[in-house]
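For reference, the structure I am asking about is given below.
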Amino acid sequence: MQNEWLYIGLFLVIATLIPVAALVTSWIVSPKKPNPIKQSTYECGMETVGENWVQFKAQYYIFALVFLVFDVETVFLFPWAVSLGRLSLFAVIEGIVFILILIAGLIYTWRKGMLEWA
Amino acid sequence: MNLWNDPVNFIAHWLTSLFVGWGMAGWLASLIIQLIGVIVLILLMMLFDIFLVWVERKVVARFQDRLGPNRVGPFGLIQPFADIIKLLIKEDITPDGADKVVYNLAPILSLMSVLLLWAIVPLAPVIFGVDLNVGALYIIAAGSIGTLSIIMAAWSSNNKYALIGAFRQVAVLVSFEIPMIATMLIPTILAGSMGMNEIVQGQQTVWYVVLAPIAAIIFMIAAIAELGRSPFDLNEAESEIVAGFHIEYTGMKFGLFYAGELLHAFTFGGFWAILFLGGYHFFGLENLGPLVAAVILFAKAMFGYWVIMWIRYTVMRMRIDHMLAFNWKFLTPVAFVLLMLTALMNTLLRGTPSGVYILGMFLTNVLLGWIIVEILRGYSRSERQKTQNVAPAAATAHH
Amino acid sequence: MIPLSWFLILSAALFSIGLFGVLSRKNAVAILLGIELMLNAANINLVSFWRYGDVSQMAGQVFAIIVFAVAASEVAVGLALVISVYRRRNTVIADEIDLMKW
Amino acid sequence: MTAMQIFFLIVGLVILGSALMVVTTGNLIHAALWLIVTLFGVAVLFAILNASFLAVVQVVVYIGAIAILFIFAVMLTHKEMRDRGPQLNNSWWLNAIISLLTFGGLFWMLQSWNGFSKVAADFPSSYDAVGQLGNALISPDAFVLPFEVASVLLLAALVGAVYIAFNPHSGDSRK
C-alpha cells in the first residue's frame, strides 16, 4: 500500500524533472536576443487592441457547472461498481436509482435550454 | 525465476544482492532500484515519443498522398532528432505581460500529466509499474492535471486567442470526461476492480470489446475529444485562433506541449487496448514470455493510435455547439443507459455458463445499439421534414 | 509512524487559516476559497480518525465522501450566486452587496 | 524521527504555506492556483493515511472540477485580471486574532483528549478498502440513505445553480 504511493511519488518527481531538464538544456544552448517587437503579443501581425481580457460566453461556465455535478456523482459510482459482483439485485437497483437521479438533472438542464449554445 | 520469465524481478533481485553486497541498507537499495525502474520506464517512453513524431508525420503524409520525411536517415527515421535539435537551439520568447512562473510551469505540467499515466500501465503480467487499486480514477486524475496546465498556459501568456482557445478546449475536455468516466465504469463492473492488472486479467477468456462494444466506441470518441484532436480540435482551429492555448509558446516549451500531445494520443490508444482489447492478451501468445506480452500491448496501443490518427486526418472539424450538444444530448445519456444495462445484466446473468453470459451481454449491446440507431433515424427524419417545410417559405420570402 | 496529533494539529491550523480567509477577504470568490480550505481541514480529520480507529468501519471515509458532495454543491450554488450578483450589481466585493442591510 | 515523519512535515508545511498564500495573495487566479497546491497536499495526506480512493477523488473532484470552476468564475467576474490593491478588509488584524484564538482553542481542546497522540495500527496489507467502501455505501444497514441523499443534494445544487446564475427572466440589466 505505502509502496504503491511511494512509486507514484517517485514517478511524479522524475516525470517533472525530465521536462525541466529539457527546458534547462534549451535555456543554456538557445540564443537570447529580446526586443520589444518580438515580445509583443502575437495576434497574426495585427496590433493588439485593448486588454487581453475578453468577456467570454457564460455558456462555458454552464458546462463547467454541469460537469462538476456529474463528475462528483460518477466518481461516487466507482466503489459501487467495484463491489457490484458481490452485491444483491437490490443493491444494483439502488445504484440504478442513483444514476436515474443523475439523469433527471441532465433532463432538467436540457429542458431549460441550458445546453443550447444560445 | 529467470531472465526470460520474469525480467524485471530478476534484474531487481540481482541489483539488490549487488547493492546489499556493497554494504547498503536494505530499504535504500530497494528505493534506488525503484528509482532506476522509474527512470528507465520514463526514458523509454520519451524515446518512444520521439519515434511517435516520425510515425505521426509519416502517416499523415500517407493519408494526404505525400511522402513525408524521407531525407534524414533511412525512411527519414533520424528526422525527429533533427527536429529536437532545432527546438532546443531556438530562441525562447516570453511575451510581455506574461506571468513568468505560471507560463513556465504549464508545459512541464502538460508533459508530466501524460508521463504519469505510464505508472499504472501493465505491460505484461510481471512487468508493470504499480498495481494501483484505483487505476481507472487515476487516469482521470492525471487528465485533470492536464486540463489545469491548459488553463495555466492560456491565462499566463496574456493573449486573447490563447484564452479563447483554452476556454473552448476546457469546455470540451470537461464535457467529454463524463462519458469517459461512465464507460470506464463498465470494465470496472465486468472485472470487479479498478486496478489495470485485474481488468487485463479479467479479459483472459473474452475481451471486453465483445461484452461491451458500444462502451469501447464511446470511450474512443471521448478519448479523441480529450486529446483535442480533429474532429474535436477547436482549441487550435488554425483559421480562427491560430493555435489555441499554446500560441505564445516557442522553442522547447512548445516542443513539450507537442510531445505531450503525441504521447497522450498513444497512451490513450494503450488504455483503449487495456480496457477493451484485452491488454497483453492475444490468444495465448502472451504466455511465451513477458517481453512478447509487452510487444503485443504496444502493437495494440499502436493500433489504437492509428485509429485516432485515421479519424483525425479523415473527418473535418466540428463546430463547438454541435460538439457539446453531441456530448451532452447523445454520448452522455447513451453512456449512462449502457452503464445501467450492463450493471443489471451482469447481476442477472451471474452464475450462468460463460457462453450464455457472453452472448447475453453482447445481445444487450446489439439491442441498445439498434434502439439508438432507430431513435437517431427518427430524429433525422423529423429534422429533414422541418428543413423541407421551412426551405420553400424562405425561398418565397426572398422573391 | 506518525502520531494522530500531527494530523489534528495540521487540520486545526488549516481550518484557522481558512477562517481567516473567510473573515478578511473582500472578494466573494475569495471567501468561497477560504470555505474550501475549512472543508478540507474537516476532511483531513475525518480520514485520520478512520485510519487511527477501526479500519473496517468505513464511516470516516463515507463522511469524507459526503463532504466532497457538499463542497461541490456549495461551490456550484455559491459561485452561481456570485455571478448572478455580479451581473446585476457589477461587483463581487462582499461589503458592497448590502441592499438587505437596512 | 523517521523518514515518514520528515515527509509529513514537508507536506504539512507546503499545505499551510500555500493555504496562507490563498488567503493573502492579491491576484485571484494566483489564489486559485495556490488552492490547488493545498488540495494536492491534502491528497498526499490521504495517500499517507492509506485512503487511496479518497486521494484520487480529491484530485479528480477538487483539482479537476472545483478549481476549474473557481478559475472560470474569477474570469467571469473580473474586469481586469491582474488587480492589485488591498484584498483584505479593514479589520483583518482582528480576524487574525480570532483565527489564532480558534487554533489555540482547538489545540487546547484536543490536547486534553486522551486519544490525542494515538499511533495507528499497521494497515492490513490485503484489505480491500475500495470494495469495503462500496459495500458500506450500498448496504441498507450502513450508508445507503446518505448515498442517495447526496445524489439528491447534487441534483438540487445543479438545478439551483443553473436557475440562479442564468435565468433569462431574472432581469439581466447588462443584456
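Lettered A, B, C and D in written order, each chain numbered from 1.
We take it that contacts are C-beta pairs under 8 Å (C-beta built on N, C-alpha and C of every residue); 3 or more make two chains touch, one makes a residue touch a chain.
All of these numbers come straight from a predicted model, not from anything done at the bench.
Novice: Which chain is most central here if centres come from C-alpha coordinates alone?
Specialist: That would be chain A.
Novice: For the chain pairs A-B and B-D, which is connected through the larger number of C-beta pairs in contact?
Specialist: Greater number of contacting C-beta pairs: A-B.
Novice: Per the centroid of Cα atoms for each chain, what is the distance between chain B and chain D, given in Å?
Specialist: 29
Novice: With chain centres defined as C-alpha means, what is the inter-centre distance between chain A and chain B in Å?
Specialist: Computed value for the inter-centroid distance: 14 Å.
Novice: Using Cα averages as centroids, what's the distance between chain B and chain C in whole Å?
Specialist: 33
Novice: Would you mind pulling out the distance in Å between where the CA atoms of chain C average out and where those of chain D do?
Specialist: Comparing mean C-alpha positions, chain D is 6 Å from chain C.
Novice: At least two other chains touched by the same residue of chain D: list those residues.
Specialist: 48, 50, 52-53, 55, 57, 60-61, 64-66, 68-69, 73, 75-76, 78, 81, 123, 129-130, 132-133, 135, 137, 147, 150, 154, 157-158, 161-162, 165
Novice: Two-or-more-chain contact residues of chain C, please, as numbers and ranges.
Specialist: Expected reply: 65, 68-69, 72-73, 75-76, 79-80, 83.
Novice: By the touch rule stated above, which residues of chain B touch at least two different other chains?
Specialist: 132, 134, 137, 140, 170, 174, 177, 194
Novice: In the complex, go through chain A and note every residue touching chain C.
Specialist: 58, 61, 65, 68-69, 72, 76
Novice: Would you tell me which residues of chain A are touching chain D in their complex?
Specialist: Answer in residue numbers: 1-2, 4-5, 8, 51-53, 56, 58, 60-62, 64-69, 71-73, 75-76, 78-84, 86-87, 90-91, 94-95, 97-98, 101-102, 104-105, 108-109, 112, 114.
Novice: Would you mind writing out the residues of chain D in touch with chain A in their complex?
Specialist: Touching chain A: residues 47-48, 50, 52-53, 55, 57, 60-61, 64-66, 68-69, 72-73, 75-76, 78-81, 123, 125, 130-135, 137-140, 144, 147-148, 150-152, 154-155, 157-159, 161-163, 165-166 of chain D.
Novice: Which part of chain C faces chain A closely enough to touch in the complex?
Specialist: 65, 68-69, 72-73, 75-76, 79-80, 83
Novice: Going by the contact rule set out above, which residues of chain C touch chain D in the complex?
Specialist: Listed in rising order, the residues of chain C that touch chain D are 1-10, 12-21, 23-27, 29-30, 32-34, 36-37, 40, 43-44, 47-48, 50-52, 55-56, 58-59, 61-62, 64-66, 68-77, 79-84, 86-88, 90, 92, 95.
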